[in-house]
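Shared between the two complexes below is chain A, which pairs with chain B and chain C, respectively.
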Partner chain A sequence: MTTLEKLADVLRDVFEDDDLVVTRTTSAREIAAWDSVMHVTLMISVERAFGLRFKSGNVAGLKNVGELADLVDRLKAGG
Partner chain B sequence: MSFVQVEFLGFLLVVFCVYWALARVSWQNRLLLVASYVFYGWVHPGLGLLLAAVTMVNYLAGRAIVSRPDLGGRIVGAATALCILTLCGFKYFGWFVEAFAAVIPESVAILRVGLPLGLSFYTFHNLAYTIDVHRGRVQVERDVETYLLYGSYFPQLVAGPVERPSNMLPQFHTPRQFDVEKLRSGLGLALWGAFKKIAIADTISPFVDMLFAHPDPSWAMVWAGALGFTVQALADFSGYTDIARGSSRMLGIELMKNFDHPYLAASPMEFWQRWHISFSTWLRDYVYLPACFSPFVRRWITIPFTGEWSPFWHTTRALFITMFASGIWHGSTWNFVVWGLYHATMATVYTAVLAKLPKKVKKQKGWRWGTVPLQFGVTVVGMYIFREPSLANSWARLQLNPFAGTRDEWIVAVSMVGLCVAGAIPLVAGLVAERYVIPRLRDLPVYLPLQTTAWAVFALAVFSSVRTTATDFIYFQF
Partner chain C sequence: MTRAETLLAYVAEHHPRSVRGIEEARAVDPAAWDAVAEQFLGWAEGVWGPTGWQARCIDAFMRFSNDVIMSQARYEADGHYENSSFAECNEHVYSQRDVMDDYLWGVFITNFCWSHHMELSLFFRDRFLARLPGAPAIVEIAPGHGGWGVWALSNRPDARLQGFDISPSSIAIASSIAKAAGVSERVTYTQRNALDLATMPAASADAVICSFLIEHLEDPGLLVANIANLMKPGARGYLAGALTAAQVDHIYLFKRESELVALCEAHGLRVTETLSVSPKRTLPKAKYLPRSMGLILERRDLRQV
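Entry: the complex of A and B
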C-alpha cells in the first residue's frame, strides 16, 4: 500500500465518507468538512496511522494531500 | 495618514506617477520604502523609529537563524518575546496604570502613551517572516532594503492584510511593468472600498453610537444597534482592505484577500475562513497549530483523569487558547475576552453537535438555508459583545423582555433595521456583480462604459457622504 493510498483511508475515516476520492491534488477546498479543527484531527490521525510526530511548522501551509504524502515520506525516511 | 484623508489621494498620485516613471525594480522598491515611512510618520514622524526597530529586529533574527540554525528556536523565541512585549507595553500599560493606580508612582504613570497606529499589524506581519524562516517555509531575505520594504509596505501597514513573506518577498524581487488592466482593476477596487467605508459604514456609525450610548434601551433597540454594528463593521473593515488591495494593485503588487462574504458562512469555522482571513490564518498557523502540536502540550493530548485519547479535547483546548489570545489582542477590557471565548464556545458546540449530524441531513438543500441565518445570529450576538465594553450592561440587556418597549422605541429600532437593509443592498449587489455579472460581461464592449459608470456612482456617493469629521477605521484602535 502506497503512502497516498494509506492517507486516503485515513481521510475517509476522519471525514466519515467511504466514497471519498483522494488524489495528490485533493485539498481542503474540495472537502467541505475540512476546516481548521478537522485539520488537526486529520493530522493527529495521520500521526497514529504512520507512527510519526508532526511539528506545528510541518502542518502549517500544507496545500494538498500530495504535499502531506511527501511530508510523511520525508519524516518516515528520517528527514 | 488615513486612506480616507484627502492627503492620501495626493500622496498616492505622486507615488504612482514617480513609481512608474522609474525603470528599475530596485528604485521602485526604494521609492516605496521612503513613501511607506512618509505615510506612517505623517502625523508623528517619531513613530517611524518604532516601525524601523520592529522591522530590523526581525531582519536580524532571520539572518541569525540561517547563521546559527542550532539556535533557531531560541532566536525565534527572543525576537517574538521582544516584539510581543513591546506590543503589550504599548497596549496594556495604560490598563495596568489604571488598575494599579493606588500603588504606581506618578513618575511611572505619566509614561502612559496611546497605542501607535498599526503596531499590532506590523508586529504580526514581521513575526510571520521570522517564524517562517525558522520553519524553512521561506528563504531568508539578505537585502536589507527589500526586507525593510516588506516590513513597512504602506498599503497594508496600519490595518493589514497581515501578509506572509512567501507572498510578498517574491513580488518585491520581480520586475514590475505598468499594466493598464491592473490600474483599472485596482482603481475600481479602491473606489468600491471607499464607498463601503464612507457611504455605508460612516453613515450607519452615528446611529449605532447613539443606540449603544442609550442609558435605558429597549430589547429591540439593543439588537437593532447590534445589527447596525454588524453591517458597519463589515463595510468599514472590508472597505479598508479593498482600498489597501486596490492601491497596491495599481502599483503592481497583489495583497491577499481578507474578506470573502463572511455573513454567508454556515458555521463558526467557515466564518473565520471568510472574516479577516489574513489574521485568522495567522492565528491558525502561529498560535492554534503550535497549541496543538508543540511538544509542551502533547503530554495533555488525553482527557484528564480518564486517559482517553481524544482529538476533540485536544482541538477544543487549542481553540479556546487561540480565541482567548484573539480576544485579549483586541483590547484589555473583559468584553473582548468574553467575545473570544464566546466564539470558541460556538465553534465547539458546532463541532460537537451540528457537525456530527448524518451526512444525508447536511446534504439536504435546506441545510445551508437554515445554518447561514443561524450563524448570522451567532455573529450578531458576537458583534454585540465586541461593541459593548460593559459586561454588566451586556448581561442586563440580554435579559430584557423582547416584547417590551414604547412606540417610539420600536420606531427607532425599525428605522435602524431599515438603515441596515439599505446599507446591505449595495453589499449584496456587489456580491451578485462579482459572482454573476462581471464574469459574463467582462469581454463584451458594454463592460467598459458600465464599469466607468459604476466608478462615477461610487465617487459621487463617496464625496456626497463624506463628513468634515471623518471617522477612523474601526480596526485602527487594535
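Entry: the complex of A and C
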C-alpha cells in the first residue's frame, strides 16, 4: 500500500466518508469538514497510522494531501 | 476594501481551513468585530506596511493556532501539559527571538479571530476599560504583543501605562505597536521579570492589566500578590488566564474557574466580575473544554471580610 493509499484510508476514517476520493491535490477546499480543528485531528490520526510524530510547524502550512504524503515519506526516511 | 475585509479575503485564499473559525469570531458581534479588527490591523499595518501585514501577521496567527490545537491534542492524550517548568519554556520559546516574534503576532490576532477571545476582548473593553478612573496610571504586567495596553491608551487619552515583560521580543513588538497607534509618548516598556515587581512602590497603580501570564508560571500566587500590591485602594485590575487549555508554554494547569477566583481572594483581592469563554468547536471526543477567563478585580479593604 502506498503512502497516498494509506492516507486516503485515514482521511475516510477521520471525515467519516467511505466514498471520499483522495488524490494528491485533495485539500480543504474540497472537504467542507476539513477546518483547523479537524486538520489537527487528521494529523494526529496520521501520526498513529504511520508511527510518526509531527512537529507542529511542519503541518500548519500543508496545502493538500500530496504535501502531507511527501512529509510522511520524508519522516519515514528519517528526514 | 477595509483591512478586515482584506483579512477575510486573505484567509479564504491562503488558509481556507481557518475561514470557519474567523466567521465564528465575527458572528460574536459583527459590528464590534469589524471595529476591533480594523483597529488592531491598522496598528499591524503601521508596523509592517500596507502590503506586509497580511503575510506577517495572519500567517503567524495560523501557525500559532495550529500549535495550540496540536498542544491541546497532546494534552488530551497525555492528561498533562507538555512542559512543567519555566526553564523548559524559556529554552524553547521565550529566549528564541524568531519563535517569540511569530508567537506574539499570532497571539495579537487571536484577540479578534478566535471567537472566545473576541468575547473576552469585548468584556475587557466594556467591563474594564470603560470603567477606569480619570487619568489612570496603568501597569501592564507581561504585555506580550502590547495590544491590550495600547487599546487602553487608545480609548483613554488621559491614561499613561508602564509595561514590564521578561521577553525582549515583547518589548520590541509592544513598542512598535504603541508607535503605530500614536500612543508612544504615554507608555514605557521595561524588560523585567513580572515576578520581581514586588520592589515597585505599593499602591501606585490605578489599574493593572495582566492578560494570559498566570498559566505560564510555576507559582501563580506570587503574580497575584504582586498585582494586589500594585493596586491603589479603588484601583481596578484585569486578569485573564487559561483553563485546561494547552499551549507549548502553559505550565500551570487550572481546571476550574473557582481556582482563579480563590487565588485572587487569597491575596486580598475582590473579584467583582468574571467571564469564562470557550471555543465554538473542540477536538472530537474531547475530555477537556479549553477556556479563557477574564476577571475584574478590586482591592479588598479591611471592612470587607
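Criterion: the second predicted complex is superposed on the first by the 79 of 79 C-alpha atoms of A that agree within 3 Å, B and C clash if a C-alpha of one lies under 4 Å from a C-alpha of the other, contacts with A are read in each partner's own complex, and residues count from 1 in each chain.
Definition applied: a residue touches a chain if its C-beta (ideal position, glycine included) is under 8 Å from a C-beta of that chain, and two chains touch if they have at least 3 such contacts.
If you're wondering where the values come from, they're calculated on a predicted model, not measured in any experiment.
Look at A:D17: by the touch rule set out above, it reaches chain B but stays clear of chain C. Once the two complexes are laid over each other on the shared chain, residue contacts for A:R29 go to chain C alone; chain B is not touched. Residue contacts after overlaying the shared chain place A:N64 against neither chain B nor chain C. After overlaying the two complexes on the shared chain, residue contacts for A:S56 are found with chain B and with chain C alike. Contacts of A:S45 after superposition: chain B is touched, whereas chain C is not reached. By the touch criterion stated above, A:T3 is placed in contact with neither chain B nor chain C. Contacts of A:V37 after superposition: both chain B and chain C are touched.
Residues 35-37, 40-41, 43-44, 54, 56-57, 59-61 of chain A are contacted both by chain B in one complex and by chain C in the other. Within the complex, the chain A residues that touch chain C are 27-29, 34-41, 43-44, 54, 56-57, 59-61.
Of all residues in chain A, those touching chain B in their complex are 16-17, 33, 35-37, 40-41, 43-45, 54-61. Within the complex, the chain C residues that touch chain A are 16-21, 62-63, 65-67, 69-73, 77, 281-284.
Chain B contributes residues 131, 134-137, 166, 267, 269-270, 272-273, 284-286, 288-290, 292-294, 301, 311-312, 314-315, 318-319, 347, 351, 355, 359 to its touches with chain A in the complex.
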